Structures are given as structure tokens and as C-alpha cells.
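Take a look at the structure below.
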Amino acid sequence: MRSFQRGALDLRPVILTPGVSRHAEGSAQVEFGHTRVLVTCSVEERVPPHLMGKGTGWVTAEYGMLPRATHTRSQREAAKGKQTGRTMEIQRLIGRSMRAAVNLSTLGPRTLTLDCDVIQADGGTRTASITGAYVALVLALRALQSKGTLSKMPSLTPLAAVSVGVVKGEVRVDLDYDEDSAADVDLNLVATGDGRIVEVQGTAEHQLFDRKALDAMLDGGMAAIQHLIVAQAKVLG
Amino acid sequence: MRSFQRGALDLRPVILTPGVSRHAEGSAQVEFGHTRVLVTCSVEERVPPHLMGKGTGWVTAEYGMLPRATHTRSQREAAKGKQTGRTMEIQRLIGRSMRAAVNLSTLGPRTLTLDCDVIQADGGTRTASITGAYVALVLALRALQSKGTLSKMPSLTPLAAVSVGVVKGEVRVDLDYDEDSAADVDLNLVATGDGRIVEVQGTAEHQLFDRKALDAMLDGGMAAIQHLIVAQAKVLG
Amino acid sequence: MRSFQRGALDLRPVILTPGVSRHAEGSAQVEFGHTRVLVTCSVEERVPPHLMGKGTGWVTAEYGMLPRATHTRSQREAAKGKQTGRTMEIQRLIGRSMRAAVNLSTLGPRTLTLDCDVIQADGGTRTASITGAYVALVLALRALQSKGTLSKMPSLTPLAAVSVGVVKGEVRVDLDYDEDSAADVDLNLVATGDGRIVEVQGTAEHQLFDRKALDAMLDGGMAAIQHLIVAQAKVLG
Amino acid sequence: MRSFQRGALDLRPVILTPGVSRHAEGSAQVEFGHTRVLVTCSVEERVPPHLMGKGTGWVTAEYGMLPRATHTRSQREAAKGKQTGRTMEIQRLIGRSMRAAVNLSTLGPRTLTLDCDVIQADGGTRTASITGAYVALVLALRALQSKGTLSKMPSLTPLAAVSVGVVKGEVRVDLDYDEDSAADVDLNLVATGDGRIVEVQGTAEHQLFDRKALDAMLDGGMAAIQHLIVAQAKVLG
Amino acid sequence: MRSFQRGALDLRPVILTPGVSRHAEGSAQVEFGHTRVLVTCSVEERVPPHLMGKGTGWVTAEYGMLPRATHTRSQREAAKGKQTGRTMEIQRLIGRSMRAAVNLSTLGPRTLTLDCDVIQADGGTRTASITGAYVALVLALRALQSKGTLSKMPSLTPLAAVSVGVVKGEVRVDLDYDEDSAADVDLNLVATGDGRIVEVQGTAEHQLFDRKALDAMLDGGMAAIQHLIVAQAKVLG
Amino acid sequence: MRSFQRGALDLRPVILTPGVSRHAEGSAQVEFGHTRVLVTCSVEERVPPHLMGKGTGWVTAEYGMLPRATHTRSQREAAKGKQTGRTMEIQRLIGRSMRAAVNLSTLGPRTLTLDCDVIQADGGTRTASITGAYVALVLALRALQSKGTLSKMPSLTPLAAVSVGVVKGEVRVDLDYDEDSAADVDLNLVATGDGRIVEVQGTAEHQLFDRKALDAMLDGGMAAIQHLIVAQAKVLG
């Protein structure tokens, strides 16, 4: 039986808590079952060098895990003096996804940074991060608009992310840590509510997969993303 | 008027929430007003090189702040590739304090690491960290005992910490961020319930201070620490 | 017109030159048009800590670009003191792909490292790297077998990689740098000759894509990979 | 018996040698018994970013130990690629103390850096550094005034520092390395000649301490600091 | 017998291949026997801070080795996070040599960077690098002139480099790896075609050497350099 | 006129002060005019990995400059997080020279580290370091012998170092900073008292040099080294 008594294509309980930070322009805590990520969206009135003078804005992301977010303690990246390749890969994915969610040219010359910090990990930290980051991003943009910094709300593309895998020959959605470790195939999907793809990353962990399996995973992932987008819309009002 | 309508020698509302992590052997969230720190205590069956073969254990601490725990975003230490001097100074203070709380020779050859991660900062993050770390430490030791890893509970010295300052000529306890920025003197006190001192660090920020002022600050700090130790005892049962 | 007068689904001229290093156990130079990558496969009689004593081997990869492999000079990563996120992401992809190509449990307690160094870049450096790395890997294994280090040849899964994109509304295979910069969608596919997928990574660069576009890209990529696998087989004899 | 046949509240022989560097604007060598620190004060016509355009100056400090200043060789921090937490903690303490010694707003937009390099260590390197740094600072300011860079001498607060500890139940001043290793309590005091405190940092090393012990340590430290300030005044003329 | 059936004072076969990079302003591959180095010369329209506003240009060099350029794999410097002392020493030598080859004041405010990357190592990588770098430098300057960036060709001092050693009591020129490992004395010479010295670095590896041996080595090195300069002139037309 | 009223081939006043460190097994302060270097020789009972189990010892060196050893303050390497190429080049030179001074196979499985720290710089810091390091090395070996750690004194090759240059057309020995900055040619020579060469490194700074100039520089350097070796012998007794 899967955790939370759920079926193969069901999500874990998803809880999105908006506005969890006193300081950040936008923030949300996102829980996918026992996975818990705190996302803040910080606005800074500057852009990276390659965008200076172009009038456009920028959206970027950073990702981290508290050392004991995991079953056994990992070394603190700040103490080690560098971020792992996994961390970099994930934060690049989150950043690209968020840039697809908003029209950068309508942001003005400012940078929005989405800090996704994993408080507790149980699989799916990157997909939970993206799902929560969209909420924090929208809240930050609304704050900019209500302060008058932005004269109108930028056009947005709601999007969310979920993991899908083949475990014991079965396509399953939103894997927890134990399933993830046992999966033959692991796929992360970032998509919109109307079925358009932002990112798809599928990896044969222990077994190669064919087009049919890919299609089944995409079907499962797309359906789950509808639910996530409904959940986002609910908290965003 | 001070935040939370409190008097000069009053603490902000203190909330200690034990057992906030599924994975860590011991954990607690500690809130001093709007300051919120997550502490986990991780147990590893190894000791640092200088203790190998001596039969004694070790207790250490690491400290971090989420990038947007503060009013404006700080650069992520993991991305910068090094910890600031402030971070190092604080984590050394927490580590020394925790080593004073437990008899290392009764731990067996294992290391307990207290990770104190500031989720939201509003002054007093180091004193909140120490106060919460004591709770996480005790919970981890109890877990070791109930698993049978430790045959009996090590002897403990309950301790807590508070900041004290001189603000506008008045001695105040548990400064929030605005008071801390305006303080002439800033003192951090780590002490036991029966008035013995573990650490005292007093700094003239904008004005030197005399023995009389030091005494007044110590009086205020010691009294506040009694309350913190009662709060710890309550959650530890 | 595309570079090299080719059609939308055609590869650039592919040249695989085996045995280009006097020192490495296996090596190959791979050219996809003007993209040129040197791959060496080094064998070391040790395994990473997490595999010690398990009898299994390990395959890993590192990726680098000479500073002037690109149109304008990039800073040397060794001088900067760290690898970029892009580099890490790519070398992790190559490593995973190569681990799918060979049964690790038949390697004995040794590590094979595939160093993929881009001598000249014109798009597709990661897919060229994977395609060449398979050749270098097989050559190194044959060398181990002919020296008697391996008693029999490990079972292998021939695989190769290609980039696919949507450029000006058209699905195109094996993008060069100019096309890559202009692509709306960018997909990297690692697959076997019989149509099984090792990795698929698709990214909406400027425009979201739907399942139909994904299918068309996968069709184009799979067909191209057949050609690459034939080319590999030719040089491997 | 204590080193140098001294009583519990006596300093080791203190030697302050001004003007030991040909290049630095101000300099001093300070010896507390066998502890020997070289301090230079360098003046640079720039301020840190957060002070730009404010007209005020800045005073900062750096601290280092030669690798064989100690009983056994320590790894060179420059070779290791980072400063230890202890180094950072000490240089922050020296910097804060020196900023208390001079009115920053009278320095003009320039930075004075106090480099404290321990040539030989035998306990009390941080307190010797502060005591010597005050001399180097004053000499540098006089040099600026005599060159006409400063039109008048900034107002100064003479200050010095000493360590105090409880060793074998006795309060002792200016601990050497052997005493420091054996001390139950270790306190560093930075203060002025008229008994005002700049910094007080007390640590229970092996035993907690009460207010009475703290008072006795402060009494001993304050008295010793008078002697140091007389010694500084003598070399400063 | 020496490799390539050559006499004690003979070079290995030297192959200089100009224009090996599509992107770099100038480039050359240089082979000294089995040693193979790829050199690119990149032109950037900026100068280091210390030359700003002086109207003069700058020439600098960087050196690297592919991890498996050597008999056994070396750790990738980019992965390790720092360049070795050997790398730094070599790239400083190449940089100084190239600055002697051209009049910096005639370059205009631009920087030419010579990237010397060792593809395969068999002794003499630094001397091959310098010999090839001169070719790449001249080609880059010609490219600048033909684009009109430089109105006339800067005056050049043709130079090349060779290693010389004492092996088994015999002075030998252009040592390969095996000879280099066995040499009692190792000398690197950078010089012009008319016998003027740019750099001479001689090291007693296992045996001290006298002036007579030094003279013999210089004689051998100077003669070999004539040949290298002829080879450079041939490819430069 | 040269500094210290000396002739073109004269050294600056040389002062060698042995035994300047309480802790190090051997130590010396060396002054060449205003250049002052502190050298300690530390003995550790371990060897680098490549020498383990071979019974031979190792000699190595590290070099550093205090930040204000120079005319203007340089950034502290420990704070910057890396050593410069110049530092690495110099410490490699010192290490090689010291390994030529003693028979490593007679040291037993231990490492001698020569730390050369420049207290004040005025040209010739690397040659002063080598000259002083020989003294510290011998003193450390004697200490090992008198403690009985070494049963007999290893055989030694006395050596020293000096800089030579061509300044305004004249060969000059032991350049101070001003001469060094103005020199057309700069040569560092490490040699024995009987005229055998350990290292020679000559660099054309602003002008190429011929064999005749090299010979004149070597003559001047060799003569000066005799004086340094006499000075070493005097302090070594």
C-alpha cells in the first residue's frame, strides 16, 4: 500500500500555506505529504549584468536543504564551501520554470529570487518547490502592484510540478522517498493546467523505458498537475 | 512602548515546540516573538579525530539563516562558498554552551550536532537557538536511552540564554531587531536556572558601560533566564 | 537552410575517431559538425566509499570546456575555483547515461571515469559527449579484457544521444549553436538503438510545448539515434 | 608558582615597541611575556560600501598566527583556503574594540586596518593584540596629522585588554598557555583606564561560575588594565 | 637510444598546425613528439585594472592539462577548486615570455590571453606551449590588423622554448617524460633566434651542476631553439 | 649610489639571528638590509602519501608575507582564500632548494617544514628566505640529533641564495625593491659555497639578455653567495 492510503495516480495530501514570512514580499510553505519546503520570493531593484539597460526583469531561484531535512544528516553546504551538483541542477530547474510563469519584460528592471529551503524531505522536494514557488511569486507580484511599484499585474502562466515513476512495474505519481529509491524510472514534470509542458526530465534509474511507459507517466503527471493548479488557485483566491 | 506591550525586563512571548522533525533524534522549534529558529539534534556514531579512542563523546553546533529570514535578503552562504565571521562566532557560542549542558564523558563515542537554522529573524537569534538547542539535546538523549543506545540518561545542566541591552538609558531584556539596532550596549547571557554563568558576552555598541550597568544587565538577564528554564521544563515534561 | 545543407531531421556530419590518446585505457574524439569533444575513459582500481566492499564497480563522468571552445572566451573554471551549475548538470547526465550502458556489477571493484572535454563548441556538446563516451567506455573495457583484468566482457547496452528542438515552428534534430539560441523548445534525448529511453530532458525555452510536439521531437530524436548507434558500431568493429 | 615569579593578579612583563615597521603608517610590537604580536595600522583612502558618501571613516582588524607561533605547527590558513572560526571571532573582537577607541566620524572617508600577526603564542594573543593595536592606531593617526591629511587629532579613548581566569580555584590575571589550558573559567576584558567596559567575554571552560567569581575576575582585570594603559601612555609619550 | 631515434641534441619531431580553432582570433596546435598542446589566443577589449587609462595593452596566459593527458589520471583542477602551484608557475612563465615577444604599448587597450591546454603530455609541455603560443599570438595580431582593429602590425620578437637536461651524464635536448623523470638537472630555456635569453630556469633535480654543465646545456638549448624558430617562421609564412 | 653605500657587487648588511622561536625545532631571522624574514623549521613524524613506507623523509616549505610587509597593504591571503601564483612559485623554489641541502634518505620517516614569513619586504625576500632556511634546517636537525631522534647528523650541502640584476646597464647583486622595479634583467641564484648551482632563474624584465650578461650575473652572484655561506657558518658555529 502507498503512504497515505492513496492510489497509484494520487497525490499525497498537499497543503499550501501562503504568507508564512513577515519579511519577504511573497512567501508560501508547501507540503507534499511529509515533504515540507519554505519558499520566499524576494524583490531587489537590480538586474544581472547581461540585462542591464534592457528594461526587462529577471527571475531566479536558489535551493537548499537543512542538514537534517533528510533521514541522516548531510553536511551543511555553507560549511563545506560549495553547493552540490544536485543542488545546482535543482535550482536551475526551478529558475527556468519560474521564468516560464511570468513575462519578464513586464517586471521592470528588478530581480525576483525564489529561495526554496527544504525543511523536511520525503521525496519530491523539487516538484514541491516549484509548486510552492509559483504561489510565492504571485504573492510578491501582487505586493508590488498594491505598493504601486508595478502599475499592473504581469500576465502569468499558472504552472506546477509533480514527480512520476515506475515502481514495481506500476506508474505512480508523487513518489515519496521510499518509492523514489525503489523506482525503475523517475520523471519530473513541470506543466500548466491546460496540458502544456514547461519541463520534462525522465531518467532510467534501473531500467530503460519505452515510449509507451513515457506516455503513461505523462498522462499520470498531467492529471496530477491539474489538482495542484486547483490547489494553488484556491490559496491565491 | 516595547513590542508585545511588555515591560523593560519582560521576554517576548516564548513558544517551544518539541519534536518538529520526523528524521532528527531530537528537535524543537523555538520562537522568541517573531524570531523563529528550527533546531535539530543529530546523533552520529563517530567522534572528531582528537577524541578518538578516549571513550568520550562530543557535542557541536552549526548555525545558519535562511537568506530571507531577514528584512532584506542576504546572500546564501552556500552559494557564496563560505560562512561569515558572524555565523562562525555564533555557532561556536552555541556549541560551547551545549557542551556545558551535558557531561561529555557519559555520551559514549558519538557526536551530537545541533543544527540551528533561523527561519525568521527579529533579534535574539543566538539566544533563541541556545534555548531551543537545550530542548532538542535532551530529546535526542532520551531517544538514545529509549532505544537502549545509552543505558542511562547523562546528567544534565539545564541552561538557557537571553539578550540584554541598554536602550535609551534603560536596561531591557530580549531585544527585538529594532531595539538591537538602537542599543548602546548589547549583552548575551547563557546561564543556568540557579544563577550560574555559562557565557557572558557584553559589547559596547555606541557607548562604554560601567560595572553598575553590567550588574543591572546581569540581574535582568538572570531573572529572564529563570522563565526560559521553566518553559523548557514544561515542554520536556 | 540548415548548416551542412541538411534536412530538418538530419544529423550534422558525425566523425568518431577511436583511440586518440596514448595514455587512456579507452578514448575517442567525437565530432558533430563543428562541435568537437575529446573523451577519455580512465580505469582506477578503487570505488567510491559507498560501494566499498560490495564487489560492484562504478562509472562516472566529468565534463569541461576549453576556455575558447566557444565564440567568446569563457573564464577557466579551474581559475575561477568552481564548476558552473551547467557543467555539473551536464556531467551528471553523462555519468547516469554511462551507468545505464554497462552492468556495474560485472566491472569488479574499479571506477571508470569518462572525461569529456570540449575542444570546440557549436551546439550539442552534451549529446556528442555521450555518443563518444560510449565508444571510449567500450574500448576501455576491451583493453581490460585483453589485459586479463576482466575475464569476460561485461554486457553492454549501446546508446547514444542527440538534441532536438523546435525552431521556427519546425522540429529539427542536432541543433547547432545558432539554432539552439533561437529554439523555442530544446530537448536532449539519450536512447538505445531499439527505441528505449535512457534520459529525456525537454525544456520550453521561449514557448511551452504540448504532447504532440513532444511526440514529434521524440520521433525525430529516436530516428537520429539509430544513425549514431550505427556509426558507433562501425568504429567499434 | 606562576611564570615570571608573579602573583595571581600580576601581568607578565609587558614590552611595547613602537614604530617597528618601515612601511606602515603606525606599528607596534607587543609582548606579554613570551607572547609576541606584531601590529601594523594601514591607512587606505576608501571606505566600505555601506559607508560611502557618509563622510565617516572605518576601523577594522585582521588577525593571523604564523604557522609555528604555537607549540606544534598549525596549518597555514592561506594554504587551507580559509580562516578558522577562532581567527574570525578574534579579529571581529579587535575591530570592535578599536572602533570604540576613536570617533569614526572624525577620520574622514578612510579605512584604518589593524593587522595583528602573532609571531609567538603563549596565551593572551587577543588581549596583547588589542593592547598593541591601540598604540599602532594612535601612531598612524599622528602620522596622518603630521602629514596634514588630518587637520586635527581625532578624540581618542585609551583602552587595553587582558585575560583573566579561574585556575585551581584562584582568580589569575594574564594567563599563559599552560594556565589557559587548565583554567575552569576564561574571561577576556577590554576596558578603559577609568574602569569603563568595552567588551567582556567570559566562558565557563570546565566549570560554571557565579556572580561573585565574575566580580572577582572583573576586579582583577580592571586593575591590570590600568597598568597596561600606563605602559601605552609611556611609549606614546 | 632516445625516442624517435634521435641524437642527444636533437628535438623530437615538431609539428605546428596553425588555425585549429574556428572561434579564436589566433590558434595553433603544437606537437613535440607525443606531447600535444592546443593554444588559442583570445582578444578582449579591456585591460587589467593597473593598466586602465594608460593606452597600453596586456598579454597573459593560462595553462591547463586535461585530466588524462598524463600516464595516470590527475584530478581535474576545476573539480578540485584550485590550480596547483605547478600550473600557476607554468602559466606565469608563459605569460612573461609572451610579453617579451611583443611591444605592449602598440597593442592598444586590449588583452590577449593565450590558453595553453595540454591534450597529451610526454614531457616538455611548458616549452611546447611557449613555442606554440608565439604562433597563435602572431596569428591573432594579423587577424586584428586585417580587420582594421590594429592599423599596423606590432613589432615582434620571435622566440621559442626548449627543455634541456643532464641525463646519465649527457646533455640532452627536449626531454620526453621518461628522460625528464631520470634527469639529474632540468633546464627550461626561452630564447630568440639570435641567441638572446628571455627566461632561463635550471634546477638540480638529483645532482648539483657547475657552470660548465650550465654552459653546455645553454649551447644545446640555443641551437635547438634555432630550429624551432625556423619551424615557426615556416607556418607563419 | 646604492642603498647602504655599497658597490655594485656588494650585499646589503646581512644579519642572521638563530633560535628566534621558543617553539620551533629550528629557527632563524634573516635580514638582507631592510628585508626581514622569520624562518621556522617544524618537524612532524609523518611523510606525504607518496613516500609512505619508503623509509625516506621529506622537506617542504611555505612562504607568506604579512599584509603590510610591503609599501602598500596587500590583501591577506588567508582572507582571500587562496595563495597567489607568486607565493606558490616562491615556496616551491624554497622547498626544492632545501631538499638539495640534505640527504632525504637519512632523515627517517619525518617531514621538515620551513615556514618563511616575510615581516618586512624590500626586495630579495625569496633569496633571504632560502639563506635563512638553511640555518633553521640545520638547527632543527641538530635538535633532533641532541634529543636522540636522529642517531647521527645527516650529511648537508651548505647553500644560500642571492638576487642579481642588470640595472642601468650595470650588473648588481642583492637588489633592493627600488632597484628590482627598475631592473632590465632579474636573476635568482641558489648555489653552494664551492660554485655548484642548485637553481638559476633568470628573467628578462624589460630587455632580453645575452650569454655574456648571464655570465657576468652568475659571476657576481657566485661571489656574493660565498659571503652568505660564511655568514651562515658563523652563526652555526
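Lettered A, B, C, D, E and F in written order, each chain numbered from 1.
As a convention for this text, a residue touches a chain if its C-beta (ideal position, glycine included) is under 8 Å from a C-beta of that chain, and two chains touch if they have at least 3 such contacts.
Small disclaimer: the values here were computed from a predicted structure and weren't measured.
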What chains touch chain C and also chain D? none
Which of these, E-F, A-B or A-C, gives back the D-F interface, meaning over half of its contact pairs coincide by residue number? A-B
List the centre-to-centre spacing of chain B and chain C in whole Å, with centres computed as mean CA coordinates. 50
Can you work out the whole-Å distance between the CA centroids of chain C and chain E? 32
Averaging only over C-alpha atoms, locate the centres of chain B and chain D and give their separation in whole Å. 28
Counting only residues that touch at least 2 other chains, which ones in chain A make the list? 81-82
May I ask you to sort the chain touch graph into line, ring, star, complete or other? ring
Ring membership in sequence, chain C leading and chain E after it, reads C, E, F, D, B, A
Touch list for chain E against partner chain C, complex: 21-24, 27, 34, 38, 40, 42, 44, 62, 64, 66-73, 76-83, 87, 113, 115, 117, 119-120, 122
Where on chain B does chain D make contact in their complex? 82, 85-86, 88-89, 91-92, 96, 100, 157, 192, 195-204, 208-211, 214, 218
